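As written, the chain order gives the labels A, B, C and D, with residue 1 at the start of each chain.
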Amino acid sequence: MSLLEVDTIDVRYGAVQALRGLSLCVEEGEMVALLGANGAGKTSTLRTVSGLLAPAAGSIRFHGDEIAGVPAHRLVGRGVAHLPEGRDLFPTLTVEENLRYGHWTRRKDRADYSRQLDRMMDYFPRLRERRDQVAKTLSGGEQQMLGVARALMSSPQLLLVDELSLGLAPMVVAQLFEILQEVNRDGTAVLLVEQFVHMALSHCDRAYVLAKGEVVLAGDALTLRDDANLIASYLGDSDQTAEPAPSKELR
Amino acid sequence: MSADRPKRPVGLFLGALALLSFPWLPFVSFSILGSANLAAYYALVAISLVVLTGWVGQISLGHAGIVGVGAYVTGHVVNGWGVTFPVNLLWAGAAGAFVAAVLGLVAVRVRGLYLAVATLIFSWTAVEFLFRQDWVTHNSSISVAAFGEPGTFPYFDFTSRRTFFYAAWATVVAAAYLMANLRDSKSGRAFFAVRGSEVAAASMGISVVRTKLTAFAVSGALAGMAGNLLIVRDQVVSPDAFKVEVSLFFLAIAVVGGLSSLGGAVAAAILFASLSELFFRLEFLSGWLEVVPPLLLTAVLLLYRGGLAAIPAALRRRFGGPYDAVAGRLLQLGTQVRQSLAARLPARASSETPAEGTGARVGLVGGLWERLPEPVRQLTSKLPGLGGRTPVAIGRLDLAGVLAGMQATAPDESHESAAEGSTTGDEVVAGWQSLRLPRRELPAAREDRRPLIEVTGVTVRFGGLVAANDVSLTVREHEIVGLIGPNGAGKTTTFNSIAGLNVPAAGQVRIFDQDVTQWSVDERARLGVGRTFQAIQLLPQLSVFDNLLVATHLQNPSGFVAHLFVGTSTLRAERAAREQVRRVARLLELEDQLDRIVADLPFGVLRMVELARALVSGAPLIMLDEPASGLDSTETERLASILRVVRDLGVTLLLIEHDVQMVTSVSDYMYVLDYGTLLAEGTPAVVQRDPKVIAAYLGEAPAEDQDSLAGVGA
Amino acid sequence: MSQLLIFPLLSLPLIGAYAIFSLGLVVIYRASKVLNLAHGAMAMIPAYLVMTMVEAGLPMLLAFPFGVLSGGLLGYGIERVFVRPLRTVSPTAQTVGTVAALGLLVALAGKIWGTGGRAAPKVFPEGQFTVGSSGITYGSLGLFAVMLVVAAGLYLLLQRTGVGLAMRGAADNPRAASLMGVDPQLATSAAWVLGGLTAAIAGVLLASITVLDPVVLSLQAVPALVAALIGGLGSLPGALIGAAIVGATQGLVPAISALQRVEGSAQLLLAILAMGVMASRGERYISSDVRGGAL
Amino acid sequence: MVPTGPKPWRSALFAVAVLAALSVVAVEPPAKQREASGVTGATAGGPQGLSGDPAAVNGPSTAGQGPRTTTPGQPGGKQAGPVRPGTTGSQVKGGKTLACRAGQNGGSTDKGVSAGKIKLAATNVRSGPGSSFLGSSYIGMQAAVNRVNAKGGICGRLLELRLVDDGWEAARGATFIKNFTQEDVFAMPVVPSSEGLTQAILNKTISKAGIPVVGTDGMLKEQYADPWVWPVAASTVTTMRVMAKHARDRGAKTFGVIYDQQYKFGREGAAAFKQYVREVTGADPKAYVGITPNQSNYAGDAQRFNSDCGTGGCDFVAMLLDPSTANTYIQSQVDKDGKRQGFGRLLTGGAQPLFNERFARDCGRPCDQMLVWTGYNPPIGRLASQPDVAQYVDDVRSVSPGVDVNNQFLEGSYLGMRVFLAALEKTGPNLTRAGLRATMSAMSFRSDLSSPLSWGATRFANASAQPFRIVTSSGTFTGFAEGGTGFIKDPNPGVVPRN
């Protein structure tokens, strides 16, 4: 019985059908990537698992018990942490306050808070320097580091990460992936959504490729790396489009 | 607002008929007549709130103050210059309009809750300061309350309730009639557009500033006239009739009425006036006067938000048959009346399309604006928000004309399009799929074609973050330019600086060879730039037809006054506008969706309506903000082919889109952005195979050229 | 003490009352983006309850805390009944909801306790400091002191405690708060309870040095709205500064004889000040995040 | 919500239907056809009921116009000289000799009068800000009516009093009064809701309809200028002059007044005070400060008043404020070495609105020995034992046991009603509005409740006032004590300052 089982879920935003019968699973300590073009439903998947969105149909099991429809603020305590797209920090709160917020579900355990805080500061030394700075004054990279650190403060069993690389220089992204790998080795399962396909596949165990709300490809990372149609689903089949295709009748 | 010709509010004729006989009905006692007069006073204030809060979304918590100004100005005018009723009504209206317009100037700068506080402060100051100054209130009682001399004709003594009844309800009926005309006209649509979304309204050339000022002025005029009715009815007013609590009471009436419907406002006014009749009649209510109005407001707010205006619809839902029979019968009667009236309008319903290239004359204030001497305009343009450059419009693209012309020359053997399109009128416009379009002779080299958009060295910073760094691109005539790049690459930032949503820190944006870097969204729209939005910005409660009709704003030459009194010019402009909408709808095969309400349409159709709206505005240049997001693969393919047809009709398109596959299939030329800088440009085939682009999209495989990583800081 | 110096002293109680009101208004506005026009009623009802309890024999030491608690309860109730159901409509609709609450509470108070002004029980002992030819009653000074305590208390609660942090975060970014385990609805209710508690404190104290009247006390919130507005509606220190300006203006006007003859000149000055602040603060008239629409 | 669905006309029609339904429910069944008499059978509902209303331009002029206003002074029946109440003089009308007994009273002699009933109506204040001190007035009126009805009414006709609450709002009050003028109402006793009454006087609703209004509280000068209104209270101008005269006689040299500058009663009272003080001392009052009611703090105004009076304060200080504003003002005044500033060195006086227990109780120690003035004899001290005063207390307690009998608006409305009923009795069986008007101008009403009232010379019938002292022990109010001067006459009665 795997850590997370998502079973044929449908998700709708008003008239838009975001997910159509999507299923996937994440084992203990595994690191899984969710790939696919924009609007393929990657973000909707993470939001449904973390409780921000309630699925219209289907079920989600975490540690075997059903969590579909459980609101986000009750799920965090049970070990699911979600770092949403766009980092979603508390702009007017300081770095340390953001981190303390991440520790909210275990706030009673003071000792654990200082332990976690030091652990995060070790992972991201720059945060220690900017400790009292207000979040919105941080650079893009630093904000992403704070996002990851805050999500890890509740020492989750499953960490959902949405577009870690958004607007960051490749070197910073590589650094973040290293840290994710280390956290994963410490026992936290990771389900991450990522644009940079090579970066994701080189760090993850398995991957799913989504298109238009469905899983079109799945497998372990190594076999997928140089799979031709993976690139096609992103950039469009490069050899087909010779000339800009005018409407058929025009000729 | 159904799809046929602008519907005269037939209901008002019927209503007037009922009101004329009211004072003579047997059961109407003297006190009920008194309540009916009170109802007229409340109705006028409620209508003024419907216009301001219902239609334009500007909440006012200070309308009693404006009513007070109307009352005291009437007092001065009657005692000072002996001006009698119908004329002093206009004085009061003018005073109300002026005060509201000044208040509107603040409203233009602030929004939502700030505005509510501004109006609350106004009414608090009016009561505590304005209505305590002797020079304002010494005329609080007027001696002359009649028109003409006793014994001679015409002589109206307004102290008599029956005479006042006719005067008051005539004013209300006239106000409702004019407001209904306004609502069904271009200005009304501008009101709803501004309430729906200011940025979408601006993108259709509607000046949000002038629309709001017009709404405040109209609403203030009606409120001022209500003040006039009060002092003419009572001949004396005291400040406690205009305190803060009374403003909240007026808002309660409008909310109970359903806030957006004129009929609802009148119905709520009648309901609240009947309360005062019940207070007079029923002994057990004494002591509870203060509790009843807030109870009514709470009930409507929490239990039945549609208010009285929603009752007829609810009745139809519940009773169906019998209700419809009665309503149907009345409707027939009404349409007969309207037909006879319409018959005597000039017959020559000419079908020529509106003159090309007419500058946009927007609303009464707009009209005045044009006639202001140049230096004054320069001066006022320094005023925050008021200044408006009237751009030299390149000339609107008359899509309908192009289509009509083309159709005439198309070879006649294309039978299926002729048969299928012969719905109305003479010329036939086919759906896009069956269109025969002549080959467009374009200069071979792209450089020879006229550049419509030239972006040079644009840099945009948000706080520390450089979103766009020295970006330069050009969009040339009759082509589709695609702008792509991975997330956070600065696509949207660049797009917005072209659309006018942000002012770049450095660099220049030129459109139609004019430097528009500092121009506002509606100024660029007037120049000839249309756009669609990634998050649908349609008006959910309106039908598709009305949503599209809003976009004919710039091509409709009729002015505000014409909208009020519905002259032949308005009717002709409306007919032309509706024709334009029907043609574009037919082009995009949206005809059978025209009467459906936007809120219940599937996402794919909404995308088409957004595109149609941009086309209806006649803009020769349209910017598409992620048009394919949310569409499935078949819908995306259909959109791509439609865009190609639109391009071949002579519209130039600039689009940003995540679906790289779709963009490469439709664009003539592409630009790729990454980290806010231009990574590559060229035809789709070139761009697709450019290794830098693939790397940007797929992310560097860690093995390859390590050094490129090291150079980049955190 | 020179003549003019006395007047700032005289306006201390006004500054105190308006500061507590505007702090409560800002806490509520930041949490639920609603201008609570019923704030005055949330001060008036507890003041009447305290008076009823004192008249029934309860010592002020017990009546005051109960009164303050009733304010918190009232804050919670108004949000649940008049504001939350309208959340899906628009902020304007929610403000109209608070208008309905104001109307209802004022009318009911009038019905229950009568509409004429009544003297509320004293919270602080009688007597005052004499300053030159006039002086400040203990009640007035007490109100100002309590304001300082409330402001400090709010600052400590919001800046130094976990609950405060949770509330600030929820106001800043509700989605992120729920992802961290804080229910944004709960945080909003907490903000309204806090608003109610502070309003009750100001209400009881203000009533004890002035008059207990359903309308007069409720409309005291209007100058407090102006104060919050001048302070920028978003910041607590801003609310304090705004209250100081509004209180001082109303206190100083009688001192300047030229202004004295013009009745209501204080209100006029404040209106001009508020309109100026709003006009200068308004953004470029096109902002993308417009969610328009009244009901 | 945009009106694409429901069409406007349907809601308007729907609302007209609602109004029609409401009015059918609410309107009284058309009054029984009254016996043939001078007035056409005007039913309450019928349009002819608009007879009193000057013919509208296109309305048919109704046949048999109701009685137009008859010129005053033309008595309906013979009038004996100063007639003591309770006489049963017989009168001749149209050949029939009438007697003040059931069945012989000439039936429907005027609008609102029938063989067995006299219909009366008045607006009063039961909700809104004024209800705190005007709220109990209806008890005084009801008490007097119950007493007369218990004895069989007047000349066999029982009194039917209809009271409508207008929330002390001027526009609504005037509209309700205008409704009464067209309904089957003979006269309007007392009308405690002064704001609406003043507006109805100013826009001539009352004088046009010729409907008698007897016994009003007389706070505003407009009530003394209308030929159809007879106030019973001592006017504000009278009280202010009497207070100044009393202080002057006690040796006060310097005068100060703090008044409500928003409501008319404040402005006209202060102007009268100033005029009289200038008359007797040759100089204006040292302190003349107007304040706006219902503010939260008067520290600035108090400061200005004290500095105008100078160190040591003014010898006499008059307060013309409503109770709650007065309390807030007094709270804003400060103690200086144990004595509350802003009070008179020798004397402090409060006008009628301050003559009420709640003000005295809320004020407490600072108001000790302060004189509050009234134009009546409240049931205080030895006055309480006087027959009419004792009667007043019993009557009002029978209607509402817990009522504050010292509230002078309650006593005023009781006295006003007693005057009205006495006038009805004097007018006798041939009860007409003109007759009542003649009676009022010739009548002099003596009772223990106030000084003798007569409207012959000036409209200011009650031209004297008397003071009562607020007594407190250790800071709490224990009761009112007699001022010891009895009624003091207004030095220049009927003089109304132009303010």
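One rule holds in what follows: contacts are C-beta pairs under 8 Å (C-beta built on N, C-alpha and C of every residue); 3 or more make two chains touch, one makes a residue touch a chain.
Quick caveat, the model's predicted, so the values are computed rather than measured.
Undergrad: With centres defined as the mean of C-alpha atoms, identify the chain lying farthest from chain D.
TA: Comparing chain centres, A lies farthest from chain D.
Undergrad: Specify the chain pair with the maximum number of C-beta contact pairs.
TA: Result: the chain pair B-D has the most contacts.
Undergrad: From the mean C-alpha coordinate of chain C to that of chain D, what's the distance rounded to whole Å?
TA: The answer is 39 Å.
Undergrad: Just give me the whole-number Å value for how far the CA centre of chain B lies from that of chain D.
TA: Result: the chain centres lie 55 Å from each other.
Undergrad: Measuring centre to centre with CA averages, how many angstrom lie between chain A and chain D?
TA: The mean C-alpha positions of chain A and chain D differ by 79 Å.
Undergrad: Would you please write down the residue numbers of chain C that are in contact with two or more other chains?
TA: Counting only residues that touch two or more other chains, chain C contributes 110-111, 215, 263-264, 295.
Undergrad: In chain D, which residues are in touch with two or more of the other chains?
TA: 1, 127-128, 131, 292
Undergrad: In chain B, what residues contact two or more other chains?
TA: Within chain B, residues 54, 128, 132, 258-260, 287-288, 290-291 contact more than one other chain.
Undergrad: Touching pairs of chains, which are they?
TA: The set of touching chain pairs is A-B, A-C, B-C, B-D, C-D.
Undergrad: Taking the complex as given, what residues does chain C use to touch chain D?
TA: Per the touch definition, chain C meets chain D at residues 3, 6-7, 10-11, 13-14, 17, 110-111, 114-119, 126-128, 130, 133-137, 139-140, 206, 209-211, 213, 215-217, 220, 250-255, 260, 263-264, 295.
Undergrad: For the complex, which residues does chain C have touching chain A?
TA: Per the touch definition, chain C meets chain A at residues 162, 165-166, 168-169, 172-173, 175-184.
Undergrad: In their shared complex, at which residues does chain B touch chain A?
TA: 435-437, 439, 463-465, 480, 486-489, 601-603, 606, 629-630, 632-633, 641, 644-645, 648, 658-661, 664-668, 675, 683-685, 688-689, 693-694, 697-702, 708-710, 712-714
Undergrad: Enumerate the contact residues on chain B facing chain D in the complex.
TA: Touching chain D from chain B are residues 1, 9-12, 14-15, 18-19, 22-32, 34-36, 38-39, 54-55, 128, 132, 141, 145, 154-157, 159-163, 176, 180, 183, 192, 230, 234-238, 240-241, 257-264, 266-271, 273-274, 276-283, 285-291, 306, 308-313, 327, 330, 334, 539, 541-543, 546, 597.
Undergrad: Once bound in the complex, which stretches of chain D touch chain B?
TA: 1-16, 18-20, 22-24, 26-28, 44-47, 49-50, 53-54, 56-57, 59, 124, 126-128, 131, 162-167, 169-172, 174-176, 178-179, 182-183, 195, 199, 202-204, 208, 262, 292
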